[in-house]
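Consider the two complexes below, in which subunit A is the common component and subunit B and subunit C are the respective partners.
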Partner chain A sequence: MAVEILREKSRASVPEVTIGATKEEGGTRTHTITVGGDSALPFHHFEGEIKNRPVVALEVQDIVPQWHENLTKYYSDVIDNPGQWAKKCVEEYGADLIYLKLNGAHPDNGNKSVEECVAVVKDVLASVGVPLIIVGCDDEQKDNELLVAVAEATAGENLLFGNAEQTNYKSLTAACMVHKHNIIARSPLDINICKQLNILISEMNLPLSRIIIDPTIGGLGYGIEYAYSILERARLGALQGDKMLSMPVIATVGYESWRTKEATLSEEENPSWGDAEERGILWETTCATALLQAGVNILLMRHPKSVALVKKHIDDLMVSNNY
Partner chain B sequence: MALTGLEIYKQLPKKNCGECGPPTCLAFAMSLAGGKASLDSCPYVSDEARATLESAAAPPIAKVIVGAGENSITMGDETELFRHDKKFYHETAITLRVSDALSDEEIVARTQKINDLVFVRVGLEYRVQAIAVENASGDADKFVAAVTTVAKNSGLPLVLISDNPDAIAKAIDIEGVNKPLIYAATNDNYETMTKLAIERNCPLAVKGDNLDDLASLVEKVVALGKKDLVLDPGARSLSRAIADFTQIRRQAIKKKFRPFGYPIIAFTTAEDPLEETAEASAYVSKYASMIVMNTVEKAHILPLLSWRQNLYTDPQVPIRVEEKLHEVGNVTPDSPVYITTNFSLTYYSVEGEVEATKIPSYILAVDTDGLSVLTAYSDGKFEADKIAGVMKKLGLEEKVNHRNIVLPGLVAVLSGKLEEESGWNVIVGPREASAIPAFAKTHFA
Partner chain C sequence: MSKFSVTFFPENISVEVEEGVSIKQAAALAGIEIKSTCGEVGTCGRCAVKVQGGKYKDLGGNISSRLRNSGHVLACRTVVEGDLTVEIPAESRLDEHQVLVGHSQEKGILVEKELDLLEGYQFNPICRTVYLELPPPTITENASDLTRLYAELRKHVDYPDIRIPLAVLQNLAVTLREADWKVSVTMACFNGSAQIVSIEAGDTRESQYAVAVDIGTTTVVAYLVKLSTGEIMGSAGTYNKQARFGDDVISRIIYVNEPNGLEQLHKAVIGTVNELIDKLTKEHGISPSSIHAVMSAGNSIMAHLFLGLTPKYIRLDPYIPTAADLPPVTAKELGLMINPEGWVFSFSALASYVGGDIVSGVLCTRMSESDEMVLFIDIGTNGEIVLGNRDFLVTCACSAGPAFEGGGITHGMRAMKGAIERLVIDPETYEVSVQTVGNGKPVGICGSGLIDCIAKLRDAGLIDRTGQFQQVSTPRYRMNEEGPEFVLVWEKDSGIDKDIVITEADIKNLIRSKGAVYAGIRSLLQMVSMDLEVIDKILIAGGFGNYLNLSDAIKIGLLPDVPEEKYEFVGNTSVKGAQLALLSREAYKDAIEIGRKMTYIELSVGNTFMDEFVSALFLPHTDLTLFPSVPV
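And then the complex of A and B:
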């Protein structure tokens, strides 16, 4: 009996966003990374094109982070050297992108000067060939000053900068416009604010093809289902032609996963939860694999083994399933 | 797709005899549409009308029950493609495989390990649901022995995996085996397997080589009179499985394509147990009602069960925690007290950050009907007099020596009134939970 395959027709697709610029394009990256371009729901190769595979960015910070030992042991030889740390992420752990968080600029974390931060960024750029994602320290005032300077110092590299938020998007948007970078528009688990922020940013004339959205996720066990449904709704909207919800999505999987007790509590403290490291790896992995099904394009991650698992999972999902 | 009262009315005899209870056929039709009456009460309905009405009223995906008693599993009866449209109803049953090629001791040990896969987190208990005994040896006696051992050592429902109908027939008769899922009817054996499933009244899995093959086979099995089925389209790779499961669900819900109106069973294929867990998580997301897998490690199963729990929550009902004075760490009468709402997402965000402060503390979760801080405030459910009342009701005075409470920064506006109502000193905390560690460092360290 021949079953008639049901194919949903999409009216639109997710815009493609390219991060990085090679020498020929005015930057110094060895290659660029393009995300988005999907014209069907995630991995529905049978009814549309999943043009670019989702990518994984590994997180590097400019100061030694207070991370769990099950993470830091993989970076112990490089954790005080952002350039070497980034290099290890790319060469040993297969990072598609480096996500550099300039946490040391925060007044509570050492209050590094703008010049020091720019030097860190340049060091990381010199150490790796992959494109960078650069985010500030979550202090609005400092970030405005800091990110504008970093954007200027890296003009031509076509990097991805975050985070623009509803209350604070103008200076970063302007910097990305002038110095030709891409921007992360971050909204707090609210599809309306997500859309509104995209409108505000594009009203400043930053093209849609240079916006990545971070609708904020909850971690596994901590509200991930809200994020999952918001992402599903946004992607369905995008495919139906809602341009202001259509951009590729970034998700802070590593951050949300490694602050949960499920990822970090030792087996001695709770024997009924089993081995701590494998539990942590899978807590992060499952958060990623769940969100991949809702349409995430860039995953920010931390544990090298989670990265390996997720990349293998993406390989398997990218195999055509056309009928 | 439920029919409206008028659509049902057209099918009724329109005698207005009143023998069904309601005085008129129209009134009866309305009761039927509202699910308050059964068509059986009408003595005059024609067979043709009955068939039309029953098929229109049947759920797009049949409900199938495996096992009996309190451990039985309900699968299927789903109505949505996306959880935000309503909700997903019956959680994916995580089923662990036991091979009959193992020794008896190994089977006992593995069964015990499966029994122990019970987890408590955020006040909920997570469990795996079934054990699949596989006739990997190909030997009927070994299979029967393995099923006997598993049934003796576990109360979980069983899936019996064998292509030998005799082996399955014997296994069903073993004491403690109750309505197992028979896996599977295939092109080669469907007549015998279907007959067996009908005779013993057990649910039956149907395995095709692909979607077309599956649809044909299901029609044949249904024609033989078996209706509680579980579908296996034979996909054994992640991408193919996602596509096939999506097609089955879509065809059932959007087209009411009957051969696909049953729950789906998935099998993991990755050999590495961590990869296997990742693979299974995708099947949880994409419509599997049962997943048969190999790993029985707690550290692997907990993340998977957590994702399943999250996905199957009702998006329209906020999840709540109990209104009480929660303790984080080894609290003393000097420990700080944080106030928040009982919306679980809010509460657990606060709890996680308070835990991160490493300062034992109390968190007072005020019942706001599961609304977050700002929403509850704008809805009048998080007011000064209410908070003061809850503080009193829960006996905060007796728990701590000090008279200081931390109020969420988003409702700083309540602080004056709350001081007045409670007589306590109100410290305005941060607006976001993530700022609690820094806040605690300056105030309580």
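And then the complex of A and C:
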């Protein structure tokens, strides 16, 4: 007698979110990126459809960032030119998306004017064909002003804007609605606040298919297990039909990995840890691959070599294991 | 059966009723509420109305001859036998603020249910007074005064062990002789013995009193009870003076570690109770020495501090109280300003954070005798929840904070005259109309008003589901130094010399309080693996004032979304239970039994409560499916 293998079929799926708009769709992107749509646990091809592959975004900033030398050396020729930097990320390092952080707008980082920032965004849009993720400078007041202006200047491009948070979601949500963009809803490692924020945003009438959630992660060795269990709960919720917890997920892997001492401490300082760069790359890669298993759809990364490793890994994971 | 028309004046409203219906019932059909406190048996005499013409039958009852002669009858004891015209005098009308019993006409508003306290118990007060006429001594019948007293007393009480305090004994010889051997002896009877507390000249049986006290973390309420009849002479309430040492039980326990901390806390609560006793005795013109017993109910921490016991170790692993069954002590030991030989009883505590107040609540609601599955929720600073019936009782406590008692809220107050208890906000103009307790000028907002306020702010779209204000253009919405606020009553209309406002911080505070209560309910149900569906009745206790706006309480997610019929609002059950224990020794014994029967569930173990709490910090709840009746 044949063994019957039980498969868990899901009642619902993660909604699909499309970022970017081509010329025909009213934008200027060469192609769009669609994430989500999974109707099973991550890479359980035998239980449902894993419709779209997870994507990798590389981070670009509008000012020269204070990053580790093992990172900056890959961008040294373009690091003061966001457009060229983005271009290099896409053409040489295979970024699916560009994550543009307008850090220079922060009052402590030069306090760039809204107009300057809009010019940077336009430059990056002109340099690359991939869709953009645009985030502010983490100063609530400035972001409200800045992101609204950028959203207006890029109307029609269907970009992804962040970050909406529980205490400050209204102006960004309104801007995304009016100018037809997508939004990142960020919550502080708390499944309830994650869901509450989705309810608040959708109650302003932004469709659920335009929300990406950032439940916040802890880097490898810094609480990744919390992030993992929250992501797992969100995905299980999505598959059981909890619409307010079902959106695709972005995880800021590069940011979290490259601030750990394990990724940055030099070999001289701790010889037993081995080569610093290789260690950093692996730290970021391991963090990314673990979170892929928890259900992340968009990975924000920094090191080109980690990107290569992770993309290879995604290729392998996307091979159907259906039986 | 024939139908007749009854017309009420001055409204000039007519209703058609069947023969034999009382005028009171007919008035209710016409939408006119007539006063009654006796349950329509014709004894309270409050429902007098004047029949102007028509045929009726008077079944008789307690009505003054002055009123009877002027054509008045009791509405509850007069039945319709023909077309009638009736005039209802203003003093027999129930205006809304006097509603204390029965059911409100309005949907979604729960009116406090009057409990039949003594039901099933004999009137057998813990303190009783007997009048004795002693045979004076002679040269041949020369027993001592005390032997003489005991001999006579034994004819009235069956306690073999009678004790007399030294202070009373010292005055005995003089008192007996000055009273010509006719004295009233008051005894407190407990633990199998009768403790004499006073001996007075003459027959003073009608002027002996006791006090029932609910010692809450935030508020303290006292009832003055007449021992001969059990009736409540008056009640008084105030804030617990301990509040300045911390808002909740935990901060009070921490304060114990300060130099003289315990003594300060002890004195503060004794002072609070004394203040209430002083107020009650003055109001009713009685002497403090005619109060012979105090029955107190409070959570364990309050009970510890009341007796001056350190609650320090309750907070520390393994969370042990000094005593769970608290022994009676004398008033002079505690410094209570009643008869110094009077006794002070405390309801026994059950667990570290579940105390005598909840035992008191279970006692007076008869939950431990119920066949139905009952959920009892006491919404106070320390929210306590009991689930069960005659077969089992489980309980838990959650720290809800003082918000619903008005603590920590900019213009929060207890439910007393001038407190806003209901309000309406026009969704178009954002104009606010308020209703206050006693119809006085508004001076603050009480618990039921605060529940209403959050629900109405949300309805009007003034706050989002997290309690954040939306920016709207109305002069009522403005920024203060700490953040946004909304003006409920302008200074010119208020009874205080400023605007009455609710701030965003107040709202967040209330959301935390309601979240804690709801999370407590959910956690307790989860722990015993039961669904809300199996609960037949939900009893709500707490000092909300006369009303609880149930539909608003559900709308903000304070109480579970189940049909209104399942709910009953029972008021301050802590003080009522204490009153019952004063009036019936059996009830006092049962209270101890109930305490032993309850199983305490510690919510701080495990993650369930915290998880539930965070998901409840939303209006009404993160899981909107739990509140199907609340419109999105």
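One rule holds for everything that comes next: the second predicted complex is superposed on the first by the 320 of 323 C-alpha atoms of A that agree within 3 Å, B and C clash if a C-alpha of one lies under 4 Å from a C-alpha of the other, contacts with A are read in each partner's own complex, and residues count from 1 in each chain.
FYI, contacts are C-beta pairs under 8 Å (C-beta built on N, C-alpha and C of every residue); 3 or more make two chains touch, one makes a residue touch a chain.
Note that this is a predicted model, so its numbers are computed, not measured.
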| item | value |
| --- | --- |
| Clash or fit, subunit B versus subunit C on superposed subunit A | fit |
| First (subunit B), second (subunit C), both or neither touched by A:D190 | second |
| Which superposed partner A:L102 touches (first subunit B, second subunit C, both, neither) | neither |
| Subunit A residues touched by each partner, larger count belonging to subunit B or subunit C | B |
| Touched partner set for A:S272, first subunit B, second subunit C, both or neither | first |
| Touched partner set for A:V3, first subunit B, second subunit C, both or neither | first |
| Partner chain in contact with A:A290 - subunit B first, subunit C second, else both or neither | first |
| Partner chain in contact with A:L299 - subunit B first, subunit C second, else both or neither | neither |
| Touched partner set for A:V310, first subunit B, second subunit C, both or neither | first |
| Which of subunit B and subunit C A:V17 touches, first, second, both or neither | neither |
| Distance of closest approach, subunit C and subunit B, by C-alpha atoms in Å | 7 |
| Subunit B residues touching subunit A - in the complex, by the definition given at the top | 82-84, 118-122, 211-212, 215-216, 219, 237-240, 242-244, 246-247, 250-251, 254-255, 257, 259-260, 274-275, 277-279, 281-282, 284-286, 297-304, 306-307, 309-311, 313, 315, 345, 348-349, 352, 355-356, 438 |
| Footprint of subunit C on subunit A - complex, ascending | 166-167, 170, 190, 192-193, 195-196, 199-200, 203, 244 |
| Residue numbers on subunit C that touch subunit A, as the complex places them | 464-466, 468, 470, 611, 614-615, 617-618, 622, 624, 632 |
| Subunit B partner contacts - residues on subunit A that touch it in the complex | 1-3, 5-6, 43-46, 108, 218, 220-226, 228-229, 232-233, 236, 259-262, 272-276, 278-279, 281-283, 285-286, 289-290, 292-294, 305, 309-310, 312-313, 316-321, 323 |
